[in-house]
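First up is the structure itself, then whatever we jot down about it.
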Amino acid sequence: MFRQIKVIYLGFISLLIGMRVTAQNFFAPAVTLDYPRKKKPMEHNFRGMVDLIPPDCVICYQCIKICPTAALFLSHTQKVEAEKKVKEITKFTFNAELCCFCGLCDEICPTDAIFMNKLYEVSAFSHDQILSIDLMNPNKYKHLDSNYSLDAEINDNKLRTVGIAPKPAPAAAAVAPAAGASPANPAAPAAPGPTTSTATETKPADGGPTTNPTTENKQPS
Amino acid sequence: MMNLLIGGISVVGFISLSAMFLIWLERKISAHIQNRMGPMICGWHGSLQSIADSLKLLLKENIVPSGADKLVWSLAPFFVTVPVVMAFLTVPFSKTLIVRDLNVGILYVASITSICVLGIFMAGWGSNNKYSLLGGMRSAAQIISYEVPLLLSIVLVVMEAGTLSMQGIVQAQEQGWYVLKPNLAFAFLIYLISSTAEVNRVPFDIPEAESELGAGYHTEYTGMKFAMFFVAEYTNLVVVSAIATTLFLGGWQGPLLPGLFWFLIKVYGLVCLSMWVRWTLPRVRMDQMMTFAWKVLTPLSILNLLVSGWWMVR
Amino acid sequence: MADIIFYIIALSTCLFAFLTVASRDVFHSAVWLSLTLLSVAAIYFYLDAQFLGVIQVLVYIGGIITLFIFAIKLTAKIGDKTIQQANEQALLSGLAAFVFFIILFKMIALHPWAELQPQAPVFSLEDIGKSMLTTYVLPFEFLSLLLLAAMVGAIVIGKVRK
């Protein structure tokens, strides 16, 4: 009898405790984002769609050779300009259906011309829009995301390159810029981004032959 | 005559607006309690979401289940919605705003809401669906079980006030609201629990539980008929909150603002309390629910009645 | 204006009562019966007997119809068969009923009823309550005893026998 009364009383008190928890959660900030209006920026090594900086490309065909699904297609011609042979890209397309977003093309590119941008909203209305995306076109992804701008993505990429760990502060590192950074971007920066404190890049101090960054980073520091 | 007509039409208008507002409020409150944001897209913070939902429900196809008892199945939503709307006849919105102040006001409300049992059972049976049948029978058992403590706690208020009419009960609280007296505070507690069970809300929402039994007794309803059940549930919540406000919280009485504002504040305060409890508690099992009604609430309310009666005539 | 309301209520009562006896399914009959009783409650309200109307709804519809429906649907025997509506004597009995109706109608219509005062004497609720506990206390207590006996009997009958 008294046990039953105690049970009822405890039940009532537990209701009040629960209501207090609920009320506290009511005033706590939401952990979700109001998605279409607010978007979270992706991590530094997020692999989005494949993007290209056309002037930097030296048409070495490394990305075509390494792509495991043959999603990239490149063709070039040679011209004579001021008594020099100059290579020029005629067609550089990317098949987003075949691409498996592995990032190997980004890692192997010696000039970091081809890179993976941070675009993740990639639905299209028909196949034609994604079967052969022209990488030379600066507005290639406008139909997917109207805020897309090639310069912004290039800027993002300077700080955060796939396959490369972000650099420590410049005072600490007496090393030359990281392997794989293109000679066109001499200021391989001390990235203020999220440092993972795993591999720091090891680099021959006097800029020897550019080595493959993937194998480079696996060496113990 | 004209008064009654205008009163009736405005009550129906109030109910429709209030139901839409409450659906939005429920979604927002539940979202914030769960650390998320709820509807944000239609209108400011999703305030027009209810209108969008109503339009969607209107445009849905009206599917009649093949083995259903057509007469019973089609009539069920009306048996559930109409009594709830009729219960607003005697609710005192303010000192002068009441559709008709029957001298048996509170008894009228209690009797009219007992017609809902019929509607729910008809919905459960007429759908020709095991889940609906189970939901309907459980709901009918639950509602008629919890009517007993509900009416006993109402009887206590009537004993204290000396009159059955709603305006009379509100006037009798001029010296102090009834919730401030200890025996009536206990009756208020019993009333709140029983009324939560009457309107099939968590923790007593086994009949229409969304994650068990399909959707309970309104599984087979689509489009407008489902909208009627939905509106009936939220309107029922407003009705029991309005009755609680009138009986225990002093109705439309309050210091500065006109009576209507106080009434609405109190009613929606109780509704928010009900929603708060809804998102705090898990669902109660059917046998636990029946045990609670018959073995705990009914003896307690009878005891309360005895003690209060003795205290009044000692 | 008030007359029209009465005609509507009376018409609905008759209609639902007719549907009650004319349905082939017992459950439908119970549903129509509840609507009939609701119309009768409406008549009570129309005649300003509010307490009676409320008790009619509460007891008849809230109690008795619920009981009917549980009995029909939760026992396997009653609800299964459809009710046969008419047998071979349908036409003859219809004629007899019609003749009976004509006789009753003539009797009621031609009787000189005394005009009631426009305002029927109103018994307040307090009077009903007081008389139940002073003048009529013996039937009141006896009825409660009867209810108790009925409940105990129901429990005894409905008990599961081991």
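General observations
Chains here go by letter, A, B and C, matching the order in which they are written, and residues are numbered from 1 within each.
We take it that a residue touches a chain if its C-beta (ideal position, glycine included) is under 8 Å from a C-beta of that chain, and two chains touch if they have at least 3 such contacts.
Only a predicted model underlies this, so the values are computations on that prediction, with no experimental measurement involved.
In terms of inter-chain touching, the protein chains here are arranged end to end in an open line. Averaging Cα coordinates per chain and for the whole protein, the chain whose average falls nearest the overall one is B. Chains B-C form the pair joined by the most contacting C-beta pairs.
If you average the CA atoms of chain B and of chain C, the two centres end up 28 Å from each other.
Chain A and chain B have CA centres that are 54 Å apart.
Chain centres here are Cα averages; for chain A and chain C they lie 78 Å apart.
Multi-chain contact residues of chain A, defined as those touching 2 or more other chains: none present.
Of all residues in chain C, those touching chain B in their complex are 1, 25, 27-28, 31, 34, 38, 50-51, 54-55, 57-58, 61-62, 65-66, 69-70, 73-74, 124-125. Chain A makes touch with chain B in their complex at residues 8, 15, 18-19, 21-23, 25-32, 34, 36-37. Across the interface of their complex, chain C is touched by residues 1, 69, 71-72, 75, 102-104, 107-108, 110-112, 114-115, 117-118, 121-122, 125, 137, 140, 144, 147, 164 of chain B.
Across the complex, chain B meets chain A through its residues 29, 31-37, 40-41, 276-277, 279-281, 296.
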